[in-house]
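Have a look at this one.
Chain nomenclature is as follows: A, B, C and D, assigned in order of appearance, with residue numbering initiated at 1 for each chain independently.
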Amino acid sequence: MSAALLVEDLVKKFGTGKAAVDGVSFDVPAGEIVVLLGPSGCGKTTTLRCVAGLEHPTVGRISIGGRVVSEPQRGTLVSPRERDIGMVFQSYAVWPHMTVHQNVAYPLKYRRKNTSGSADIDTKVRETLELVGLGEYAQRPVTSLSGGQMQRVALARSLVYRPQLLLLDEPLSNLDSKLRIRLRDELRRILKMTGMTGLYVTHDQSEAVVLGDRIGVMKDGKLLQMAPPGEIYNRPADSFVANFTGAANVLKGKVLERKGEQAVIDLGAAGRIEAWTPQPLVAGDNAHVALRAENIRLGERGPANSFTGRVIERRYQGMQTIYDVEFGGQRVEVLELGTAARHNDGEVALTLPPDSCWAYRDEGQATVD
Amino acid sequence: MSAALLVEDLVKKFGTGKAAVDGVSFDVPAGEIVVLLGPSGCGKTTTLRCVAGLEHPTVGRISIGGRVVSEPQRGTLVSPRERDIGMVFQSYAVWPHMTVHQNVAYPLKYRRKNTSGSADIDTKVRETLELVGLGEYAQRPVTSLSGGQMQRVALARSLVYRPQLLLLDEPLSNLDSKLRIRLRDELRRILKMTGMTGLYVTHDQSEAVVLGDRIGVMKDGKLLQMAPPGEIYNRPADSFVANFTGAANVLKGKVLERKGEQAVIDLGAAGRIEAWTPQPLVAGDNAHVALRAENIRLGERGPANSFTGRVIERRYQGMQTIYDVEFGGQRVEVLELGTAARHNDGEVALTLPPDSCWAYRDEGQATVD
Amino acid sequence: QQDPFGSKELIAAAEKEGGLTLYTADFAETQQEVIKEFNKRFPKIKVAMVRAPGGQLITRIKTEAAADKLGADVVNHSDRGLMLEIADLFQDYAPPNAADYRPDALVSPKLWPGVTLGWAIAYNTQLVKNAPKTWMDLTKPEYKNKQIGQVIGPSGGTTWTRIMFERQVLGEDYWKKQAELGIALYPSGAPLSDALVRGEVSIAPLLYNIIYTKIVEGAPAEAIFAPEGVPIVPYADGVTKASKNPNAAKLFMNWRLSKEGQTFMINKLGNITSLKEPPAYPKGWDPKTVKVWVPKFDEFSKLRNSWMEEWNKTYGYRQ
Amino acid sequence: MTATSAAALPVTTDAVPVARRLAVPLWIGALLVILTFLVIYPLLMLFFGAISDSNPVIDGFGKFNPSLTHFMAVLGNENVRLAFFNALVACGGGTVLAVVIGLAFSWIVVRTNTPFKGFIAGASMIPLFVPPLVAGVAWSILGSPKTGLLNTVLKWIGVDFRFDFYSMSGLILVFGFYYAPYVYMFTASALRNMDPSLEEASEVSGASAFTTLFTVTFPLIAPAILAGSLLSFVVMLGIYGIPAALGAPANISVLTTYIFKLTAWSPPLYNTAAAVAILLMVVTAIFVWAQQRVLSGRSFATVAGKAFRPRSLNLGPWRWLTFGLALAYLFIVVVLPTIALVIAAFRRFLFFKDFDAVFDTKAYSWVHFNSIFDNPLTMISIWNTMKVGVITAVVGGVLAFAIGYTINRTQAPGRKIIDLLSTIPVAIPGLVVGVAYLWAWIGLPGGLYGTIWILALAFVARFIPDTVKALSTSFMQIHRELEEAAWICGRGLLSTIATIMVPLARPGIVASMTLLFVLSVRELGSSLFLYTSDTTVMAVLLLDYYEGGNVGKTAAFSLVQTVILAVLLGITTWLSRGAAESSARAG
């Protein structure tokens, strides 16, 4: 029922410009969910649409369940309706002139393979609507539903015929944050329950982390890193990935020495810091150290990377507080949970655990828009 | 330069239906930023548009800087252009047929009071564009800008003539999360720098908390509570506010006794819990206790409200981990910060600090969509 | 001796007025020719023209007159019945050669036959091998299947004159015999003449002036005057009371009704004339054999409705 | 200005200036007065005419004695019923064909990668500019069963089949061909505004392109299809030229030709014609009402909140087929009739013994053109037509802008009535409008009657529905907040319109003014009663040539008219290109 997806060296050029997708390769084993994450315009949607067959790749091979569905070099191109995929569009694309039931029954009626009777169709539609929690809404016109309910109709419509592969293009980006959080959890539950293979596109890292078994980070049409969420967060392959996944603090310095994947970096007035590095740095290189605001321990003095700083500003953010802390001319943001602030302005101890500090060669592109 | 806003008993009915805004009163002292927060369709935009004069209120009085601009009972209605306000629209509403400079210069050219020369206009426009970081883009057609840049043009346009009052209608809702966070911080900085009075509408609580000096939570056209963010979070006036601002955990029980604002509630098998209550509960009432996932201390045994539970599920979310914990038949979500999980499945101690537990009368409307 | 077109004073006054407006139901182009010829003699008098189909022209005149805004100095209209109804709008007028005109061509002393048309039988020379020679030939079976085209009866006074002639002169059953052949019906003479030239129909009774100009230009058509008689249609033209240029209007009428004017129309436009002694004859008109037929005016009005209904029925024309 | 606590401040109340409070009622009042003058008053005249025996101008209202005889006569007359039935069949069939062609075109242009789409889109609007009488004449030259050029060709190549456009099917074909652009206008913009992912969702669900078209695309743009087909149906109902040229030879009369007959017979039966016209209006009203019933309660708003990318279907080699189809259509509606007109205009006589005669060069000459330009009225009429066209375009454009803005952009009370009043004239056939205006305006003091202005005003009234509808669509594309932003910036309504709305709506404004100009150049029916010797227009002269039985001159004059229109259209397209480019940036 679920099938593996294999994408090899995918390239898609529109007109004569830069390639929108530029040599992307990855695979999604059957039953796994892979999330493509990246800033606006990086080619996520284009990749997904190539997999769906809605866009024709320029170069590269796409196979679903072992069958090559697209290989322009050989002229192979299977049309979307023969790829046996489901797709949930960013705009939902539920048909406003039909009821919920009609929307969900549509694929069953018009698919060639399922020549099931109408009683059978009814049963399947009912089951699927129950699955997404819309059992009672079958006869409603879709236009009378809320955004979240429409999203579930779109999901039901793509699930009802049990496609091999489900593609989702930022299905939650139009919703408010509460609804978004609820639906994202539900989505993973349903996907895992039906055991479907999923490819999910988003630019929201919290969504990616919750939904994906693996996350692929894209930039400018290239896939930078694809790994399980923990690895993406704890061992980002380069500074873009680190920064895009939320390592907001950057400390500039010079490499002093390097042992294995461990490097010691001189931060000037602040002293030395130990950091992990995925790149072959050598002593004397300019480097910057990225680290996440929530990994800094305030008021703690650990065995390594321990400093004394000053709280410059406190920003209260409801369920968390952000401190701007200065130490030795470096300035970092620190995030602490809870609805009441625990540290006052003034001197404070802080520890930057070496495991969560990552050093990269300074290429002058530390920030992401 | 900045003026206080006073809204008294504002009612706005469209056609014959339910009132979209239903008796809202609040004030915004000069220089303060007030955020209206609430779910979709609760009347935020309508309130804002009444203040701007784009919608004519049915009943109520609105004064800006002490001058009544709208009082339908007396037939007073000052047109938008004479209210001396600035407004940033959800859709930006920058004029596509003009350049950045022309967009920003527009209000200066046609305002009656500023009959300044064109050199003066140029200076002002340049200053304002610098302020929003678009100094180099002055001669570009606005249509060639990115979404975030357009938003800043819209902001510059409403700032350039230093209006008494700035109105902002979900100006960030179309942006991706990284850009949104950056612009929201910048917005507050600019507002505070120029010392303007601001009224900001959103349905995103994190935006509300960061931007607002005070937050007003709306529901169904009514203003439920207006208070500084800390108070909204720590002392929500009712269960809707608690829930909407993120108190995801609800424990059902019965009131045993009440002393002052403190109540003791029987949670059945789990035992008793102490909670703060803003409502006059009496012993025997059905109550539910709302509390935020991030306020529960896992692995700690505090002086009060201390329980022993079992971790049922762990969900890793990048910079935080969510635990589903069960104790005495009740199930709560607990949020813990950091990129690595600290507790394993199995027995665990947990403390629910009485200060962060709020008890409300059970009216059967615990969840919000 | 008096000028054939009017006294010196009249001409001087007319030239001082310098222009007039003609309302006509005739073809615009034909009247343009007349005006051009008139201007050869009186170049200082500009003639403006408003042309509309007969019924619409009458409505316009009536409405304009009621609103006191009648713009016409001279009206030129083919339907004597309709013109008689509004004779009040016209001033007393008679041309210098009034006595030369047939009295039966006048319905009112104010209205004069400035134009007189006659019915001929036209045929396409490329399509008709055996050309018709008489009105009765138009009932011959060899012309069946819509080879013959006709203008519908209710189209106006001119056609009514023809079908009245057909019934009174050619026999009570003439219509029936002809209708049985299968006739192509046309709303008015002009499209019918065009259809004849294009070959849509081969034979058609047509006002001679419609087909005459085409024949002159070389169209594959010919027209004959039948020996049983030529129904003629005298127009009813008059000078309006509201005329702002009464002298120019009278001079224009005088010239049209003069021998010179009538001769021009006969020779160049294919008209007939209502003068007792025609100054000229159209081509193919043998004054010895061809008889002019003028309807009796009282019958013209009285019989019209009932006969028309019968005609409609006979020819299957749905009104 | 700085305030410490708002609540503590003393309250100062400004009174709103009286002038401003009265502005809205005054504005609405002014529009209502204009529309009453342009629409209601002439219609009342018509209505009085229909229910009485008197001409309201000649007899005055004093003699007005109401009687339903005309209505009874009309309703009881089986010929009226036949004409009515014919009209329904011809216009119904024509509408169906127009919908098929219009839909196909909008699909080809909006959704496929057919080559030269821009050219196809532009060229397919040409039929809109062809006067119906010219179309009718051209098709009678082409498709007459006996002498039609098409049939001559068929005979020459030895095919037995003969076209017969003098028939109901001929009428339907020509109607369908010439009014497809109306459907196209509506459906193309609806398609463009539809989120293509709705279609993609269907394809991913496994439906074929064909199924998708019929289960998703067309149902979704149903309101546009309905609106377009209704408009084309109503317009066809009011067309005289085509049924006059093609229906009359086959003795097929429709309501308009019937009305024309009533007014052309002697004596003319205007009161009966008015009654038939009212009948026509009732029919139209019923259709409009039915359309609104069908659409009410159904929401077709496509759900998308974000902007979407246009999608164009890659047809592969099939795109040459769609291109071929488009060319075939253009050949049929543009090239063939033009050939027919050119041949007719340059040939002395339109008689062809056989196909070879077509190439007999001796038969060709400039005589028709010479005699046209010999006629002093020709230049006068061209000049007058240009004047009337410009006045109509400007006055009508401004009025339509005012009405469209009021209807679409304000909450002013009375805007519903204005909407209704500005829609009514669509249902009145031109011939009847002419009489109504003659009756209504001739009695007015002042020198209106007999000037160019009365023609222009009649055209403005007659075409206000088309223009308002065309402008409304471009208003709807401009986001409300763009305007509100300008108000907030301190500008009044009028200057906001001048600096924001007009620049942004410029392509739409230019297009509707062009439309007005073209429509007024080709308008015949209402001119016939209102022109005077000094104010002859081209359409009247064209009818003179046609009624004079001179196909050659008619064709020659049509060509002259077409060339003038083409040149002017070229200029406006060139002018509006800049506008289109700036609006493309706006998109």
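Note that in this section a contact is a pair of C-beta atoms (placed from the backbone, for glycine too) under 8 Å apart; a residue touches a chain by one contact, two chains touch by 3 or more.
Values in this document were obtained by computation on a predicted structure and should not be read as measured data.
Other chains, considered apart from chain D, cluster as A, B | C (clusters defined by touching). Simply put, of A-D and C-D, more C-beta pairs touch at C-D. Chain B and chain D have Cα centroids lying 52 Å from one another.
The distance from the centre of chain C to the centre of chain D, each centre being the mean of the chain's C-alpha atoms, comes to 38 Å. Averaging C-alpha coordinates per chain places the centre of chain A 27 Å away from that of chain B. Along chain C, no residue makes contact with two or more other chains.
Contacts with at least two other chains are made by no residue of chain A.
Among the residues of chain D, those touching two or more other chains are numbered 306.
Here the chains touching each other pair up as A-B, A-D, B-D, C-D. In the complex of the two chains, the chain A residues touching chain D come out as 52, 54, 56, 79-82, 85-87, 89-97, 106-107, 110-112, 141, 143, 150, 154, 157-158, 161, 174. Considering their complex, residues 1-7, 9-16, 20, 306, 479, 481-482, 484-492, 495, 499-500, 503-504, 582, 585-586 of chain D touch chain B.
Interface residues of chain D facing chain A in the complex, by the touch rule stated above, are 195, 197-198, 200-208, 211, 215-216, 219-220, 222, 298-306, 308, 314. Contacts from chain C toward chain D in the complex involve residues 21, 27-29, 32, 48-56, 58-60, 62-67, 69, 71, 79, 81-82, 124, 126, 154-157, 184-195, 197-200, 210, 214, 217-220, 316-319. Taken together, the chain B residues at the contact with chain A in this complex read 39-40, 148, 176-179, 203-206, 209-210, 229-230, 233-234, 244-246, 292, 294-295, 315-320, 335-340, 356, 368-369.
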